[in-house]
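Chains here go by letter, A, B, C and D, matching the order in which they are written, and residues are numbered from 1 within each.
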């Protein structure tokens, strides 16, 4: 028993992006507390954007300097390896773009506490512009911080904390919509309750695994597994419970139920953030847990994930067909995409290069899908009725005639979702499917054929999915405009920038995917730290 | 020896889960979630005793903190909902569906 | 006897070397008339005539150049260009006695009919288009007979089919004309199917479609008799279609919807005889004397010659009557063509003479109609000989020729066929004799109803003689009807001339001898027929409206129920099949596709109900999901 | 590295951008630019084709640039004989279609002045047209299978918009049906493409290197299936044909021409090049069933065509019959038949193109696609009637017109093919020859009901073809007749690459020599 506790070593350089984001978040809170109301926004906006940009810059620096750490940082709590850095970069870009959307007027309630329709709400409205509460920004920053932490967490405890840090602000953000506040609050409550519920499962799973392995560090678990002390039910229960928590976050069937409601109810910029950033982070975490932690257990989890992946793709695409609300439809489409990503997760086993291939595929997919999603939601924010965004699809009829550019852009995003060639989405899909097939054809894989089968399910699902994307295009271009069509809001600079960037990326990557693929390749080549 | 505790934690977890499924009042539902978390805590502590390292107990502390944070957020949300709808029943809030 | 068939020698230069001009002239004419349509309205018909005459001149020159060669070198092949390399097919012409005789007939009679048409179509606003089509026909027909391979022949074959389609439907604004045109084409296509498949077999068996290569290969390829018979029958099917032989005869009578010169040129003198040409041309390969195929040809011929004659007896429409007789006469030719080299000469001979006298008759009929403002019903004629003497005389010569009145063209050629037939295939031969008798009857009936008896025409009709431009061709043709037969047959001129093409040997050239049993019987029967006709239609009063006839009469009037059979056997079932198929396509296949889509949509509609909007339901789904997941993992784990 | 094909593909897309960027209200200019660009492409294609050496390497004007190294994808282009003639076909058809659909976008009025289609964006239409041209050239020029696939799928989008926004009453149904149907096939093909790449393990998609890469018969069968279904839907082959009548009937005439004339050829082209050469054993194994399907298409398509009441649908069904012939030729495993099929792809493009356009001109005057609304056009518009008739005759492949040569070669080649012992294919050839009769029925019956007969009242107001319309149809008719008598130029280009294909399939190339009559 030596009393001296040696102080933990923290690789500040490596963790700098995290620290900046969290730091900025805390400053944001202080600003909320002390800065005069009329100043806050003008402080928050640059603060938030700069912190995100700065974090991104630091990520870049690490990559360019080739300082990608190959060992866990912060006493093994975090693993800032190639994939993490890539995911960080993606998350930071996406959240930066989302913040630009957040800046746009009129998405967020002036004062969340005020009762809808009550006098004080009116009052808050009347002294609008700068007078509104600005807690949005620090909340977003905390959420982003959580997102960064989530995929980098190297032990389950850290992952749980990250999960909560990411989720809690989002629960709140969901409830801050300015229009249709009842929906917004309902969404927020549902998200909160279900989120908490699922994270409880995650935690219980952690406990079980801890009970089995005697540690919560992924590498430790992996070690314990390779030590091969039989298949302890503890472990299996734990595994499933962890799975519940994670799959809930990426919205895989049968844990997808929250997605449409929350996506519809939440303020659109936040929906964009969840649909892009959260998904990226969650998938990263899933990969880390299943591949780093439970890599030696793939014989057991792959069949299960197979079923879930197939189910998710089918449920997502089939249910989307009959949706009449654009955000709900996109929610279901994101469920379907989660399914496609799971196909990629299925492919991460076997030889090292196979891992790299599928990892690359997933990273690429996440990047391009995230960007397209943000773009799509950005367009959604612009189509407005007096009562707020014109969510109902019937309102979109004939948009192609009234706003050709906007409609064209949206159509292009939809085609990207559908995975039509010469859009980024196609290459994402191709990458994942190709990885799956190649993993399926690895020698000595008993369920290799099943992998190909999963891919076939995937293509059929995406054929079905194509239907509802195309349906929107039909509405926009082939139907006559409604007499009292929705107004096309004059977009703020920010929104314009968002749409432009997303379009640029979607087109550019569609024409020359190597641009992003190359990076994903480098990131993936140095696998997760095991 | 420890199995009893595990069984207990399991029971607590189950009760919590059931509560979430059965109770209507948002507050109660939320409390049940807390109950599930505490079940986890019990499991952690037990296991930490079983495997003979302190991680589990440390985790328990973390969990409590997180739980506390959850309470803050949760109550805020529930209160707002209650103020607008004059009801804290989870079932009343189902405008979003299909 | 094949041995007598001359080798084909490649030829270049001279008129024969440029024989393609024969085809080119009318083609160019048609092209100009169709492309510069309105511009050529004024002089278009003259251009048409000129072009036809031009190729006639070429034909004549080629003929003389050809007879300049010794008999054994009278088969000159002219290569034009490579057509389908994959089939080693070069487009080329074969100028030999057979093809040149046809060329002369086509261009000669063709030109006459062109000239005649100037007058006949004078009042038609689309006369220019009419001449364009005529020119098109002439050039296609020439390609048919001059081509040195089956594909080239087939192109011409369909080309004349097209021309016939266009000309039958020339007055297409009449639905009847439009329908008749389509019918002609479709029925012909049935024949073409045979010819087409025939070509498949020939190519696959002998590896060539060119006549000159076939000679070498027939023996060596060692094709089974079955194959040879198949080829023969398939080609015969084609011939039946084009030559309106049973069972594909039905279109010819409707084809009379076309202007009369068309009926004369295409549906009497030339196109319909293409089948005979095909049989004779392929005779050396696929219809050797005594082969099954040859037998089939003779049977078809005999059957058709009777059928045509019977139909001819019952028609009051002068053109349909002539059409029936055309069927019948071609039947004779077919019969002859099935009898080997001995018969070929007479078949071709009859073909040529028939070309003249039948064209003569048709144009005569046309001239009558011209004077009777397009009345075709003979019951509304009568006693016209006084009003249109020239037409009457020429028509009468044609009449004598066709019934085989001694010393006129038809006499020699038809009698020749009958003689040979009786000699080779007695039964069929005697049928032919009977046919001759019937011919005597219905042709006489026609003449008496039209030119004799008292006038039965409507008051608004003012019968008058046709202009010279129409009567002169009539005279020329009637000259042919008079003397041509004697010149061709006596001394076996034509026979010897054709030997290089169709075989046979000068040694056994059939000597013409009228005083044989069949010959005399024929004459007797013809006389009987004529007299019988005189009693019923010359002396007796001809009722202006058609009386209800006996069963036999109705049978004949209904074209032996040919159309009825086609309708009930092919048209009706076809229509049903079509409706069925369309229904199946829309409801069945497409229904399946749309049903699938609807199914997915419906299931989606039901599934989304699961999304109740109750947070606790979602929680439940999570819980159940967790349970299943755990269960599954435990299951997999324990496996 | 020859720049020809990349340039050829670049020109239209640049043109498309230019057209799209033209200021508002410059519709006329947009049309002129489009026409100019398409003519430039035509000229360039002509010059390139002149430089093609039939006896040279199989693939000429090749170029390959790294495109997506991490997928092993190259931007690889190059043409063999078949591809060349098909590119030429597209290059010829596009300017004609541009001219034909000159007024399609700016609201079509009938003779009696009723508006059929409202005014729509002209610039969009023509830039879509040019984008489509790039993709058509690209899909035939691609020697990299991935690149081929990209164009194969991307092609759907411009066509989808052309049908969907410029088509008839049912346009959106037709457009969606067309897109989803083809997309479904394409996705199955995608799996096969991936499989091919993975199994071959050559980490390249370049076609020449992948020939013979797959040996295992079972694998071949699966991959073949993936490719074939996609191509069968595209072609379209019975029973996956039902999208075509809807699409063709609803699309504006010009788009229909490109759809049936070129896009569908990608299917048969793909069968000939990819299905046969990449998976020879599978191709042989599946010959019989496919031949059966082809024969069904031939007869079935013809019979259903007879029963149609809508001109464009009728033409669409005739095309299904003709595609049956092409597929039959492709899988007859005989050089004559395959060459005939390749030739048919071109001829059918001209013939059906002419027929669709002529029908389109009729419909533009009357505003109804239904045969029963016409009659006696001959009297009022003889020139239109004449062109319609000639196009129709080409459709029933009258000897002397181009389609005959190809149809004849296909049938005779199938007849002589010994692929499945004598007999099997022989029967197929004989049955398919029945279509010769049916073709006469469906074409001439339509002609009888539209062109012939007494002139219907509304038809009396018809104007005859104007100069533009004549300029549209004349070249097609000229080509139809020209290649009807002189198919050699095309065949000389086609034959070598077809022989190459069959050699890769280890089918004895039955040439003249084997027939023994060679001089």
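Heads up, the rule we're going with is that contacts are C-beta pairs under 8 Å (C-beta built on N, C-alpha and C of every residue); 3 or more make two chains touch, one makes a residue touch a chain.
To keep track of the chains, here are their UniProt names: A = NADH-quinone oxidoreductase subunit N; B = NADH-quinone oxidoreductase subunit K; C = NADH-quinone oxidoreductase subunit L; D = NADH-quinone oxidoreductase subunit M.
None of these values were measured; they are calculated from a predicted model.
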Fill in the blank from the handout: Contact-pair count is greater, between A-C and C-D, for C-D
Practice task
With chain centres taken as the means of their Cα atoms, state the distance from subunit C to subunit D in Å.
Solution key: 36
Practice task
Please report how many Å separate the Cα centroid of subunit A from that of subunit C, as a whole number.
Solution key: 79
Practice task
Determine the centre-to-centre distance between subunit B and subunit D, using the mean Cα coordinates as centres, and give it in whole Å.
Solution key: 65
Problem - Whole-Å gap separating subunit B and subunit C, where each centre is the average of the chain's CA atoms - result: 97
Handout entry: Per-residue multi-chain contacts in subunit B, two or more chains
Key = 17, 20, 29, 90, 93-97
Exercise for the section: Find every residue in subunit D that makes contact with two or more other chains and list them. Expected result: 180
Handout entry: Sequence positions of subunit A contacting 2 or more other chains
Key = 189-190, 193, 197, 201, 260-261, 467
Completion exercise
Pairwise, the chains that touch are A-B, A-C, A-D, B-C, C-D
Handout entry: Footprint of subunit C on subunit D - complex, ascending
Key = 177, 180-181, 239, 241-243, 300, 303-304, 306-308, 335-336, 339-340, 376, 378-379, 382-383, 386, 393, 398-400, 404-405, 408-409, 411-413, 415-416, 426, 429-430, 433-434, 436-437, 440-441, 444-445, 447-448, 451-455, 485-488, 491-492, 495, 512, 515-518
Exercise for the section: Show which residues of subunit A lie in contact with subunit B when the two form their complex. Expected result: 112-113, 115-116, 157, 160-161, 164, 168, 171-172, 175, 181-183, 185-190, 192-193, 196-197, 200-201, 203-204, 206-208, 210-211, 214-216, 260-261, 264-265
Completion exercise
In the complex, subunit C touches subunit A at residues 597, 600-601, 603-605, 607-608, 611, 613, 615, 617-619, 621-622, 624-626, 628-630, 632-634, 636-638
Fill in the blank from the handout: Interface with subunit A, subunit D side, in the complex: residues 67-71, 121, 149-151, 153-154, 156-157, 160-161, 164-165, 171-172, 175-176, 179-180, 183-184, 187-188, 190-191, 194-195, 197-199
Handout entry: Of all residues in subunit A, those that touch subunit C in their complex
Key = 189-190, 193-194, 197-198, 201, 231, 233, 236-237, 239-241, 243-244, 248, 254-255, 257-258, 260-261, 299-301, 303-304, 307, 315, 318-323, 464, 467
